[in-house]
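The structure appears below as structure tokens.
Order as written gives the chain letters A, B, C, D and E; numbering starts at 1 within each chain.
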Amino acid sequence: MPIDLSSPGGATLALLPELVLTFWALVVLMYVAWHHRDGHDMRTAGGLSIVGYIFAAAATAWLAWRGARPEGLSFMIALDGFRFASDALLLWIAAAVAILSVRWLIRQGILAPEYYPMLMLATVGMMLLAGAADLITLFLGLEVMSISVYVLAGFDRTRRASAEAALKYFLIGAFASGFLLYGIALTYGATGQFNFDLIGAQFAATPPTLMAKLGMGLILVGFAFKIAAVPFHAWAPDVYEGAPTPITAFMASGVKAAAFLALVRVLAEVFPALVDLWRPVIFGLAAITILVGNLTALSQTSMKRMLAYSAIAHAGYLLLAVWAHSDEGTAAVLIYLLAYSVTIVAAFGILASIERAGARTVRLTDLEGLFSVRPFASIGLSICMLSLLGFPGTFGFIGKWYLLSAALRAGQTTLPVIAMVGSAISIGYYLPVVLAMTLKPARTRQAHQTIRFPRPARIAVGICVFAILLLGVWPNTVLNFATQTAVQLRQSELPIGPR
Amino acid sequence: MASNVTVTTVIFYVFAVWAVGSALLCITRSNALASALWLVSTMFALAAIFVILQAQFIAAIQVLVYAGAVMVLFLFVIMLLNLEDVPHDWKRWPAWVVGVGLAAVLGTTLVTLHSYTPARLAREVSTMPSPVDPRLVFPEGNALAVATATQGAVGSVAQPLFQGYLIPFEVTSVLLLAAVVGAVVLAKKKL
Amino acid sequence: MVQLVWLAVAFPLFGAVANALLAIRRPAAKTAVSIIGVGVLAGAFVVAVGVFNALVHDPRPSVPVVLWHWMPVSERLSIDFAFRVDHLSAIMLLVITGVGGLIHLFSVGYMRSDPGYARYFAYLNLFIVFMLVLVLGASLPVSFIGWEGVGLCSYLLIGFWYEIDANSDAGKKAFLANRIGDFGVLVAMFLLWWHLGTLDFVGITMRAGAVFPIGSSAALLIALALFLGCTGKSAQIPLYVWLPDAMAGPTPVSALIHAATMVTAGVFLVVRTASVFALAPVSLEVVAVVGALTAFVAASIGLRQYDIKKVLAYSTVSQLGYMFLGVGTGAFASGIFHLITHAFFKALLFLGAGSVIHALHHAFHHAHSDADAQDMRNMGGLRRWMPWTFSLMLVATLAISGVPPFSGFFSKDEILGAAFARGTQHPIYLVCWALALGAALMTAFYMARLLAMTFLGRFRGGDKAAEYLHDAPWTMTGPLVVLGLLSVLGGVINLPHFVGGTGWLERWLAPVTETARMTMTPLPEVEGASALLLISLAVAAAAVGLIGGWWVTSRATILTPAQSPEEHGFWRAVYHKYYVDELYQKVFVNPTVWLSRRVLWQTVDAFLVDRLGVGGTARLAEGLGWLGSRLQNGQVAFYVTMFAVGAVLILRTLVR
Amino acid sequence: MAALLAAIGYEHWIIHVLLALPILAMPVILFAPARAARYIAFVVALMEMVLGIGLWWAFDPTRSGMQFVTDVTWMSRFGIGYRVGIDGLSLLLVLLSVIMLPLVVWGSWRGIDQKQRGFYALIMALNTGMLGVFVATDLFLFYMFWEMLLIPMYFMIGIWGSANRIYAATKFVIYTFVGSFMMLVAIIWMVAVVGKATGQYSFAYDNLLDHANLLRPWGGWLFTAFALAFAVKVPLFPFHTWLPDAHTEAPTAGSVDLAVILLKMGTYGFLRFAIPFFPMFALSKTTGMVIATLSVIGIVYAALVAMVQPDLKRLIAYSSVSHLGFVMLGIWGSTVESVQGAIMVMVSHGLSTGALFFMIGMLYERRHTRKIADYGGLARVTPLLATAFVITAFSSIGLPGLNGFVGEFLVLLGSFGRYPWLVAIAATVVVFSAAYMLWSTQRVFFNRLTNPLNEGIGDLNLRELAVIGPLIAAMIWVGLYPAPLLRRTEGAARHYVEMVTPALPPAALPDPGAQP
Amino acid sequence: MLLGPSLALSAVLFVLGVAGVLIRRNAIVVFMCVELMLNAVNLTFIALAQLHGVSGQIMVFFVMTVAAAEAAVGLAIILAIFRHTQSVDLTHINLLRG
């Protein structure tokens, strides 16, 4: 179904998922404007928002099913399999986070149903970011996402940590936006274009110039911040720790996924001609990110903080596939993000249920002896840890396998080795979690009495854990899907007219 | 033409010095209020430079929206919080040295952009063998002057904004929505 | 008949299994144990006689008996579990089953009252199995089964009364010393296979000459490695120290294993692989020198021991040295000859000593005395109560001292003669001869001393105990009588020419050692007068020793152990066996244990590898992580500084 | 027998059934009543053994390649398949695994008195993993089984182990995991290289082996990655320090499985993967020397360290290091004899060390101590146990006529031509092994019974006899008649040697076959 | 045209903004420095728009919108933290660390 993106009707059609979600966000907003008093309102808002994600997903599916593709140049927004896959990924993450949030918010006494519209707007921003075909859309999508997430991070206003997290995220985020914007400006200066394809064609036709290099460098800085690559990572642990737990899950999986998807698209469509220039940068980022993330995670006692550092390390692993700059790399990013998000959602889902109302974050010692009280929860969390570790039989292993495969096929051997060294280090902090839950006795008899595992979260986590195991041994469907989808990323190769 | 350029250049540099000086003061004043006012000053200087660079409409918004509305918001908050004047803690001098040093290194990298002239940019952008004529390479830049002349400063911006850039324009509405809801959620006293 | 030789092994094997089962289920069924234990030996002896008889009439010098494919490893290495019956193994078969049978019979009486009776016979039968495998094995690996197996049984029997720590220690010591020797045998096997491509005795004999030139270093290495094995098994310098300790086992065990059979395996092995030794004359010199030295040193220690079994043990070491001297001179048949006669008279000596100990033990037990039943200072005058034992011991003493015409005279004289004869070619052998002669003198001396202290004079064990003394029952005396006869007459199997003999054993063994003898320079004949002189010298040495021993002992006042003063001077060193055990403990054992515990385990393993290497890596990672989390100091200013550093680095990388 | 097996299509389904049966039994055990768990486990184990033993006859010793081959596409996108097969090398290890299974279950009958369901379920999982490692002919599948084994072992040590169990379990997992991470890179790298050159991305063992020459430029790195994983598992000195802890703290079943099967995975990996893929590097003069030297150091060093251990299990653990050093030496000896010997050492180490651990476990159940000093003179109160222990100890130190000798002898004999000095040094271990074994045996079973606590110890009961008896019978059988085993492994060993021969530098001694 | 000088001025102002973020510890001032950076980038867009056409100016329009939105949210966040700490000094806002 070719869509003329330059026409308003075509643009509307192309933006259908985002529009549906925005519209639904407004609907929910309308609802909460009058109903924001008690837990029931919270539940209803949450349920409504999930319906919105389903609608948006349906819209995405419809576009994908109809084989939507741009007629001529894809203005502003991309219309390819990669975008649909990205949208699906982001929508599922958002929906899962919404499900996890429902009871958690009520338990923590955060009775502000605006949470759900904000989550939806953040999702819209993520979808725009990941689907952008134009630097302007990219920037705006990024900002929509960022602003919403700033708010969400500080949503638990009664806790100082939450406010602090929001402030840190906001200040450093705005700072990073400045760099990204400068990069966009210089890229624009070097080519006179904002459109990905046109810029890419321009770069392909001319040798790299000073302005182009600086522009690209600054854009990379902006992305490096969003994906929390070292040394742009310092905000992440603090923010992850301070933010409400479901939002931490959202940031660790969704925001990071959106940034990575956008990065892959930008590098594939905007800067493919400069690959020899950006590869060393990605290399350095990946190497140091993996090492620092894994090493620092070793000395953490708070679960959220540990997972934050582990998220940094995983960003490093993902950069391997970015380095590969190939169809396999793109597919690997998709698969890994899916694997990672499934795992992280499940892990945070379990952690959220263990958290006591208004209490500090869950520490490693709080998990001791969990198995004897909550065997399934601890088995689930153990599986999550193994998946994060990249243990065979879990989806995380397939993801890691694919990443390594992509990097190695692209001829990179050092990074995989570093990644594996990192993985080897990571066992030093994943294993103690399993150990504490299963092998250690509970500190006190009442240790785990406050755990509440609400049914929605239980179902969501259950599905995630099952998916981790199932996709760990039978990933064919998603593999095939990702591989075919990824190939569509760079199908439009527009020649640029002589200037 | 030549003398005209010279006069413009002189005015440009006057405002440039103004902008840099204000910016310096903005980042060094220990009083937040003073910083904010010096920032406003910088913005005015920039607005003037925008005019020189043929962006009259943007210059107007700069003054109205930016210097006018946004910065007033800042001043408002600063006064609302009634912050005390915190003198610089000179024990933090290593932070200053590192900060200024890093900025200097970053600056030396970025200031190399000074070497760009229209001719150089044209040469770099062109896919044709040199020599190249910037006017041929940048038809839209010339078209901008023509459009400004025919449609006025606002019209030359407005027309593409509501046509080619419709999607981003709509996205800004989402952005503002998010900002409004977010600000309300965060700032209101009671949830 | 020859093909049925496996029966000789199967009988004792059956006995071992049956007795083991009895030991587990019915340890009290002593009659059944006796019947099985001795019966299987009788059966084996019958088979041995049959095999021997068949071989006498068989035109082939050796007959292979393949039982099954043991290790079909590859195209070039396939080891069968096979026996080879030839003149050497046949005669060994006879000695082992014959002497072994007698000792089994003796044990029936000797061990009757022991609660571990069935277990004892299981071990003893098992020993016979392994000993037979050792001598019958067609290839080195098969023989090696027996070689180590007898070590195992020796270990088990020395430590038979395992509840006494010293016995367990002695067993362990014996096995370890044997294992040091086994290391040599293993290396020899590797060398042989890589050089010759075969481990079969016949193959080795046939190929060695073709592959190794005379005096080749490879052959020397192999020979020395093999000889290391022999020094372990046959208790030669430097590994002889285990044998005296091995006396901790029941006395019949000492007779069977540590005198008559197992310890002679080294001599047997040298003869079996004589072709290799012959190719490396230096190795033979080493064998001879070690043998002579051992003979001399062990005899000298024997002069000053008070434990009756210890004296006999050192005597055994010394006599084994003779055998090695014999084979070292190239007189292989003489070595085997002495092996056989020694089996007779040394078994007799041990069993006689066993009778004495048995009697004294019984007597002391009833007299509620805690005196040591093995210490000769507690004996004396036993001739009165134990006439049979005394007279048989006397026969054996005369035999071992080399008094004509007892068997020991012939075998020992042959060795001395051979050493002297070889000495005309290599002076080193003359030294050996001199040492051996000295040893002969000392042998006679300490044997006379033993007899005098035990049987002559007055009984020093107390009058009460004397009431219970009596001679042993027929199951014990009977074997003694047979052995006494053999000790007297054993010499006939290899009577030398000068007494009109034909040297039957030498001729009989000729096919076995033929290859070796053809390689070596022939032994020069010692003619007429000088031969006579040599014989007179040997006889004189025996006579002087015997009379001297008797004279010195009977004139000295012998005190009981409790009253005895400490020895002084040189005799003290002799009494303490020249402190060799202590030396070994200090030089080899203690440093090894120290090295293992302090250096290897605690330093290298626990500290270097585990704490420093593994733990260090982990701590390094933790330390780096700690550093990383210090960097995460919560300050936005610091965060943006890192950010800016990163940005600068990226931009610098790009624009340079 | 072979005809009967062929009639029921044995070769088509046996491997899958062997792999699936324990896994399917897991949920049954987990959800059965707690008291029934061990009975179910035992029945399943017996079924597994009975089914598995058929391999002995179904296996055709005259063929050298893989048998019972199955190749089903799994992850087509990656070129991964469910590929399994058995050759002479894996046959013995598979048989060892299935035969050990009922013994392990039965041996835990009394020792495991809490959380029985979990325990037996883990044993089942462990068995599938072990079998999987030995039958996988797809590198992905292999790696998957290789790693998945860790989990049951981890929990087995961590939950049912003794005092220091958590430390030991963690150490075990971290060691093995860290070791095998680089292997993952190497596997993918190999496929990437081969795939790029041939256009066919496949993790099939045969495919990679056929194109092993393409890997030669990176042989050093790839081999190192593989070798690290396997060396930790073997364990080769100096990667061995996890073993004493894991062995010591694990429950009996864990120690037995570790010793009998898990350690063999490392040497199996060398024989199956690391060397055939990169023979030019693996067997080069330098690498060969380094590994052979490390093996010999391990052999002698571990024996010496074992001698001074105060803890029985630790002693046996160090003896394992020593024995596995023989396997490594045999592999690097690279003659048919030495490789055959290496395989035999693997089997016989499994039998004797397994039996030793069983017996120490039985002692532990009676006295709850593993300290040698706490025992002494037990032979009087437990004659059967003492007899069995002594026999096993002698089998462990390689007394000819028992199983240990065959392997050690062949390894040393076969490797002698290549490393005469090292082999000579290694052979000295006959003394040290005897020293540690006899010394500890003496201190446990002989000497005077001084500790009154030891008076009341009962001798072996029927169940325990039934566990130990077959092992001792096997020891004697393998020692006296190893020919059937050797015949079955000869094809694999010969195939291996032929494969690596072109890579071998000339040996120190001439080939015995060349002699007249 | 003044392309080069404009770009240089923009770079200088941007760097001044960065320097401000690095050295100041008042959250509001830091945020203002970020605004300064955005302004500097706007100048680059305007300077380049002379050559490349009106799209650069349109981008500036969007940037201003974003800046306004950020200001709204950012100041709200600063208010929120002020309620907890009674301070906007970033050196005191280090509850989360390690």
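Rule of thumb we're sticking to: contacts are C-beta pairs under 8 Å (C-beta built on N, C-alpha and C of every residue); 3 or more make two chains touch, one makes a residue touch a chain.
Remember, predicted model here, so these are calculated numbers, not experimental data.
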- Note on the structure: Co-neighbours of subunit A and subunit B resolve to C, E
- Taking each chain's C-alpha mean as its centre, the one farthest from subunit A: C
- Task: Just list the two chains that share the greatest number of C-beta contact pairs.
- Result: B-E
- Per-chain Cα centroid nearest the overall protein Cα centroid belongs to chain D
- Query: Which chain has its C-alpha centroid at the greatest distance from the C-alpha centroid of subunit E?
  - Reply: C
- Task: Could you tell me the distance, in whole angstrom, between the mean C-alpha positions of subunit C and subunit D?
- Result: 37
- For the pair subunit A and subunit C, the C-alpha centroid-to-centroid distance in angstrom is 79
- Query: Roughly how many whole angstrom separate the Cα centroids of subunit B and subunit C?
  - Reply: 103
- Counting in whole Å, what is the centre-to-centre distance of subunit A and subunit E, each centre being its mean C-alpha position? 25
- Where subunit C touches two or more other chains simultaneously, the residues are 618, 629, 632, 634, 636-637, 640-641, 644-645, 647, 651, 655
- Do you know which subunit E residues sit against two or more other chains? 7, 14, 17-18, 21-23, 25, 30-31, 51-53, 55, 58, 62, 66, 69-70, 73, 76-78, 80, 90, 93, 95-98
- Item | subunit A residues counted as touching two or more neighbouring chains | 136, 140, 143, 147, 150-151, 154, 157, 166-168, 171, 175, 186, 189, 192, 210, 214, 237-238, 300, 428
- Which chains touch which? A-B, A-C, A-D, A-E, B-C, B-E, C-D, C-E
- subunit E partner, complex, touching residues on subunit B are 8-9, 12-13, 16, 19-20, 23-24, 26-27, 32, 35-36, 39, 42-43, 46, 49-50, 52-55, 57-58, 61-62, 65-66, 69-70, 73-74, 77-78, 80-81, 83, 86, 92, 95-96, 98-100, 102-104, 106-107, 110-111, 113-118, 121-122, 134, 138, 140-141, 143-144, 147, 156-157, 160-161, 164-165, 168, 172, 175-176, 178-180, 182-184, 186-187
- Quick one: in the complex, what on subunit C touches subunit A? 618, 621-622, 624-626, 628-629, 631-632, 634, 636, 638-640, 642-643, 645-647, 649-651, 653-655
- Seen from subunit A, its contact residues with subunit E in the complex are 136, 139-140, 143, 147, 150-151, 154, 157, 160-161, 163-168, 170-171, 174-175, 177-178, 181-182, 184-186, 188-189, 192, 194, 237-239, 241-242, 300, 305
- Quick one: which bits of subunit C touch subunit B in the complex? Just the residue numbers, please. 637, 641, 644-645, 647-648, 651-652, 655
- Note on the structure: Contacts from subunit D onto subunit A in the complex sit at residues 74-78, 140, 143-148, 151, 155, 158-159, 165-166, 169-170, 173-174, 177-178, 181-182, 184-185, 188-189, 191-192, 195-196, 221
